[in-house]
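Notes follow once the structure below has been shown.
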Amino acid sequence: MRPRSAPLTALAALLGAALLAGCTSDAPADGPAAPSAGGSSAAADGSGDSDFFDQAEYDRQLELAKETPEGPKGKPWEQMLRPEFVSTTAYAKKGGGDAHLCFSNAGVFNPWRQVGLKNMRAEVELHEEIGKFTVLDAQGKDDKQISDIQELTGKGCDALIVSPNTTATLTPAVERACEKVPVIVFDRGVETDCAVTFISPVGGYGYGAAAADFLVERTEPKAKILALRISPGVDALETRWSAAKRAFDKAGVEVVDAKFTDGDPARTKSIVADALIRHGEIDGVWMDSGATAVAAVEAFEDAGQEVPPITGEDQQDFLTAWKEKKLTAVAPAYPTFQWRTPVIAALKILAGEEVPKEWTLPQPVITEADLDDYLKPGMPPLHYAMCGCEELPGFPEKWGGKE
Amino acid sequence: MLTMQGVSKSFLGVRVLHDVDLDLRAGEVHALVGENGAGKSTLMKILAGEHVPDGGRLTLDGTPRSFTHPAQAQAAGIGVIHQEFALLEHRTVAENVFLGREPGRFGLVDRRTMERRTAELLGEIDETGITPRTPVHTLSVARRQTVEIVKALASDVRVLVMDEPTAPLAEHEVARLAALVRRLAARGLGILYISHRLREVFDLSQRITVLKDGRRVTTLDTASTDSAAVVRAMVGRDLDAYYPPRARPEEISEPVLTVEGGANDRLAGIGLTVRAGEVVGVAGLQGSGRTSLVRALFGAAPFTAGTMTVAGRPLRPTRPREAIRAGVALVTEDRKGEGLALRQSVRDNALLVTRAVPGRTRPPSARGAAALLERVRLRASADTQEVQYLSGGNQQKVVIAKWLAARPRVLLFDEPTRGVDVGAKAAIHTLVRELAAEGLAVLIVSSELPELLGMSDRVLVMADGRLAGELPAGATEEAVMRVATGGDGSGPDQEDAA
Amino acid sequence: MSTAATARPAPGTGRRLLTALGTATPVYVLLATVLIALALTDPGFYEADRLLAFVKRAAPLVILATGQYLVIVCGEFDLSVGAIVTAGVVVAAQLYASFPALHWLVATLVLLAAGGAAGLVSGLVTTRLRVPSFITTLGMMLILEGAVFFWTGGSPQGALPAAFRALGRGTAFGWLPWAVPVCLAVGVGAYLLMRADFGRTLLATGDSERAAHLSGVRVTRVRVTAFVLSGVAAGLAAVLVGGFSGVSAQAGQGYEFEAITAVVLGGVLLGGGRGSVVGAMAGAFSLQALFTLLNLRGVSGALESTVQGVIVIAAVGLGAADYSRLRRRRTRSPDTRSPEGTTR
Amino acid sequence: MTGDLLTAPGEKSAAPAPRPGRRLRLTDPVTGVWLAALAVTLLGWAVVAAQGGQFLTTTNVVAVLQNSVALGLVAVGQSMVILTGSLDLSVAYLISLGTLVAAQTMQSGGVLLAVLATLALSVAVGLANGLIVAGLKVNAFIATLGTAFILRGWIEDQYTGPAGQVTAGFQRLGYDRIGPVPVSVFLLLAVAGAAWFLTRRTRLGHHLYATGGDEHAARLSGVRTRRTVVVAHVLCSLCVGAAALFLAARLGAGAPWAGTEARYDLESIAAVVLGGTALAGGRGGVAGTLGGVLVLAVLDSVFNQLAVDPFFKNVVRGVVIIAAVALYARRRTPRRRTA
């Protein structure tokens, strides 16, 4: 018989196997919890920016941004804001032996994540008590990350670190994992509090507002602002934008264009050039992330115009351009040093030490004043300055830099 | 049974059919003849449901019909055997036979019934070499045609339209086909038989309808007419001198092409000489190695043994390019598939060889190209026209022009006038003879024995991949067939292992 | 031919023009429409420096479309050009990280050669191993993207110096962007190439590989050459893109589809054998002009792709419809006959 | 495109007709790709074992199967359009939109309505694709690329992030399993089985192959080729709709990048050709496609076990895809010269 009946046979066989094996579910035992609105993110159910705006969270972030964190000075990755500690004795690793840490990574699809992963690996190297460090990369696929988390829970990890690809979609998988191992979530959150700790910097509102406030301060009222965004639908970026929009609206500054660049510098240059033509001049540029900031700066130069106040991020190329071209700029950061913290947290948890339920890291903003502290010559253009990696083993070569 | 009255068709203002009337009786073989472009194809496509006529009526058994899709024509009982087979190479015979009308219920295909009925149909026409499950791509051309016919029979056709059914067939296969056609007619089918070959037409048909320039010229009773009358009706003049005069002995000079002991997996012990000024014919049954021979000479399916010289220099072409460099040219049997780049202009086709093989000759200027096309008596509205829109005869002239541009020493023709209308045929024959007279060595392969015998200064006969004999000019067709079939009438069954 | 001339009605100027434009007619109409719309939207668009800036912006896509045209017209696809651009920019940055003093010309030549090498591999795999080029170049795209980031650990490590970037960003004589003469040179070069023997044999190969082979065309070499040229064009585009916008890990993203769209928009037949390189370049200009128009009209960033999609389908759809009519009209001169077997 | 130039078409000596017996042919791509899947599994097992790991654990098997579902569903749909000689590049965006529509409808209108809405959306997109390809005669590559752009614009304009909420009951489709076999695998097998039955046993299936094999011949034989192309596109989109439903169940919400980040468009085409279906249409089938999907999934799992750099994975995948198709091309070269 040609393989024409193969699928049917297989189906029958599987059904038979199924009856013998009985039914199990990888969904959380008590059924998936209905994710509540609020928390660190909100699911949108339609269009418009307001869906991403959460007044309480906004206020909280703006306050946090002003506070001084607890913790060792000069080591922001160990600092925390308003910590509420929880006991972790239940998770303390019994007996000696090396710890097995596992990490489900959303992916390394941008330089920020690449720098971050290097930080994390270097942090792991610092600790001899970590015997094994398993990383599964979901390559940006939610579906794969769900499977990765399932796979990792079956691998005898002592603790599981998760950097979720998407907030909402990974919730059930994380809940399931919580039942088996202590889970540490960082960067984006998930809509469950089952994780032992959730590590993140202050947040998108803080970022967006810091940048917007700077522009409001440096421009006249009624100024024309160009907003350059990467792409729609990314929650972290949407919160930045909604905070900025609010700040602009309040100050009466006009956002003449809000455009998506896809993170493509060529496209960014075209957009800025066309905006200059449409609006005559642009008084300020707000960006939801720094990837294309230098391209925007160049577009002004190429058009023979002075670069207006501009916001960027702590990426090396932007800091270099800032210094060399004496820009009026500010660089809020979403620091990559947060990739170190989960490892530290995991070891604390395995040692039974208490950790904050929400470990909120400081989120410094680079200003004219401290630009020189962050700009390290010899680092590659897409490096993120706020990596907290200067003291780590292998610096700067592992990060692609030179002494 | 089938009548067409006043059928007209225009393509954007240009009329290609004017008020054509035609009637077909049950059990009749009705031949449709005419030069290329006379409107035969369009008429056939209207019957097949591929084109919708602008005017006129079509009735089948007294019921008026109009088709907008081939499926409707089929359902009405009209089957069409196209010149280019409508077969799916990678599907089985049964799947092809029942394509578009698979048996079964609820949209399911009843394979068993399908295969059984295919076997029955094959049995009905005594075809034993094909099984329903054979994939079509493993079949020979003749057998594929049989599958096409079975396909038509499977849909209970009442009318069968056959477009140049013998064009791809060898002589003995033609005889088989003729027998089959007669049988089908005897079963009460009406058969519309389109052909260029008048001999078949007279052999098979009861009536002949002649089309010219989109109009019906006449319909004749086959029994009471002769081929001269039909040709006159087709071309509107007499064509007495079919073939140009042969070469006089003094016009034939030194050998240009020689082969000794040429062999490959299809050929063995080939030894031949073609001299400048000479036209040598190659006869043989389909599969006897005629095409393999010219392809070996051209390097397309090279000899693996033996020696070959062109103009005194040894040559062992392993690719056409090498043969071309040495001055060998091949006009292939498959004009559309191998001879022309159909979407390119007349000029680009004519210059293709000189452009592809620099060094042999420089590509002629635009004026040179025009002179070349005039030389082959091409009738085209402009040399920037795409060749696909030319008639078969004109296309063939472009192929010949392509080779002349490269100034060859040896011209190989494989079926030079296949699918070419009567007028263009004569022009090509004249041209071939002229070229020989200019000192080229010419080798012609043709399935049409009258053409071969009329054109050649001598005829080589092939059988089983070998040269079985050589006959002088003026040999009879019977003599050729005797050599080709092994001389003792062991019969036309000696075909390929198909 | 002399007999034909009398029978044929003298074609009107319009018809002759249509015939000359050939299959690319719809793209010229589209280009003209978009250019007029641009003029209405922004009267300053036709000032010399603005126009030059537009050409500069369009240059990478035009060059990619030119390369892609060569591949498509011989019956193949090249999906790897976007990856070659990305890889090119990253490789250049990496080169400068290791050899900061590298002369810009050397770096440029390295990129062109590397692009050509990638094209050579694609071409050889396609012709020798008979893998459909869609798959070959899809695989090449995965391989290039993977390899280059595997090598650099995810992101390029060096910055591109001003000298290297001049070709994509700088100007000659203070007013002429270098990208414009480069683009012009590529355009003229491709036009001449297509008129030359190579171009004609390339078209014939795309039309009928068998016929070309039996006419002495070295079809494998012709095809491989087309792939190599497409790769070199992508390498050149990488130089321009890298120059225009600097180091980026996603410099070439989406360029492969844009280039193919541009070529098809230009009336070139996917599958080979028909279409002009000028049409392909016009397709690229139309696409870029369309992007600019959408930008200038302030169409919501998100809806931009919808507009693009609709226009591409409409233009190509209209092209297919228009073309068949044009073809028939040309066909039916009295001495030529119905197309035979062209329906395939 | 690259036919055998060296053989005279008129003289193709017929190979002996294949014996009617139904023996397992190793040269058959379907057999080949399943053997390859087996080989990759064994290889993975050996390599992982050599590194001191275990490959064939329940966890891994579950992961392999689970990871095959979404791609499998899309690839099954893609096989049907490719068999018909067409192509669908809009699948990735359709998945994204599908998950969003499913999750949102489910939040307000219940599971049944959500399923119907998603499938209705799929039919609409498939119909649009089919009509543009068959009706407007736009090359499938461009046509579906165009619809992809249209869908993309729609998604980006309408959605700013994950939306909607899937009911707990529906989530079981994404998470439950029976023994080591996730229930979603049964969804895949059901869809694949239906597709297989459709292509092999029904009139429509015969017409799909016929249209892909030689559209002109099919049309002359009375096959409604345009209708067939349209139906193939609708069927493909329905499979994609099923994939969207599965992903919605798995993700618990709709995600605007669910389809694009996984590059389901190109990946599904890769899986289909890996499974031995000719890109030109007319040859191949669903059974091979499933094998192709499995090869990719197993490969991925092996990479996971060995902690291969994700960038390097792409290199290997590219090489595997090219190599596989090169092998098929070699096998398809008939051995004509031995006659």
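Labels A, B, C and D are assigned to the chains in the order they are written; within every chain, residues are numbered from 1.
Please note the rule applied: a residue touches a chain if its C-beta (ideal position, glycine included) is under 8 Å from a C-beta of that chain, and two chains touch if they have at least 3 such contacts.
Just so we're on the same page, UniProt names per chain: A = ABC transporter substrate-binding protein; B = Sugar ABC transporter ATP-binding protein; C, D = ABC transporter permease.
The structure presented is a predicted model; accordingly, all values stated were derived computationally and were not measured.
S.K.: Work out which chains are contact partners of both subunit A and subunit B.
M.R.: C, D
S.K.: Over the chains that touch one another, what is the least number of steps taking subunit B to subunit D (ABC transporter permease)?
M.R.: 1
S.K.: Out of every possible chain pairing, which has the most C-beta contacts?
M.R.: Highest contact count among chain pairs: A-D.
S.K.: Sort the other chains by how far their Cα centres are from that of subunit D (ABC transporter permease) and give me the top one.
M.R.: The chain lying farthest from subunit D (ABC transporter permease) is B.
S.K.: How many Å are there between the centre of subunit B and the centre of subunit C (ABC transporter permease), using C-alpha atoms for each centre?
M.R.: 41
S.K.: Mind checking the centre-to-centre distance between subunit C (ABC transporter permease) and subunit D (ABC transporter permease)? Centres are C-alpha means, answer in whole Å.
M.R.: From the centre of subunit C (ABC transporter permease) to the centre of subunit D (ABC transporter permease) is 30 Å.
S.K.: Report the inter-centroid distance (CA atoms only) between subunit A and subunit D (ABC transporter permease) in whole Å.
M.R.: About 33 Å separates the centre of subunit A from that of subunit D (ABC transporter permease).
S.K.: Just how far, in Å, is the C-alpha centre of subunit C (ABC transporter permease) from the one of subunit A?
M.R.: 38
S.K.: For subunit A, what residues touch not just one other chain but two or more?
M.R.: In subunit A, the residues touching two or more other chains are 108, 232, 260.
S.K.: Can you list the residues of subunit B that touch 2 or more other chains?
M.R.: 300, 337-338
S.K.: If a residue has to touch 2 or more other chains to count, which residues of subunit C (ABC transporter permease) qualify?
M.R.: 154, 210, 213-214, 301-302, in rising order.
S.K.: What chain-chain pairs meet the touch criterion?
M.R.: Going through each pair of chains, those in contact are A-C, A-D, B-C, B-D, C-D.
S.K.: Can you list the subunit D (ABC transporter permease) residues touching subunit B in their complex?
M.R.: 5-18, 20, 201-207, 209-210, 213-214, 216-224, 282-283, 337-339
S.K.: Tell me, which parts of subunit C (ABC transporter permease) touch subunit D (ABC transporter permease) in their complex?
M.R.: 75-76, 125, 127, 129-132, 134-136, 138-143, 145-147, 149-150, 154, 209-210, 213-214, 257, 260-261, 264, 270-271, 300-310, 312-313, 316-317, 320-321, 343-344
S.K.: In their shared complex, at which residues does subunit B touch subunit D (ABC transporter permease)?
M.R.: Residues in contact with subunit D (ABC transporter permease): 48, 50, 69-71, 74-75, 80, 82, 85-91, 95-96, 99-102, 104, 107-109, 111, 131, 133-135, 138-141, 143, 151, 155, 168, 265-266, 286-287, 291-292, 295, 300-301, 333-334, 337-338, 496-498.
S.K.: Quick one: in the complex, what on subunit A touches subunit C (ABC transporter permease)?
M.R.: Against subunit C (ABC transporter permease), subunit A makes touches at 108, 110-111, 114, 118, 229, 232, 257-260, 262-266, 268-271, 273-275, 277-278, 291, 294-295, 298, 302, 317, 320, 380-382, 400.
S.K.: Could you please specify the touching residues of subunit D (ABC transporter permease) with respect to subunit A in the complex?
M.R.: Of all residues in subunit D (ABC transporter permease), those touching subunit A are 22, 24, 28, 30-31, 34, 57-60, 62-63, 66-67, 70, 104, 107, 155-165, 168, 171-172, 174-182, 185-186, 189-190, 192-193, 196, 200, 247, 250-253, 255-258, 261-262, 286-287, 290, 300, 304, 307, 310-311, 313.
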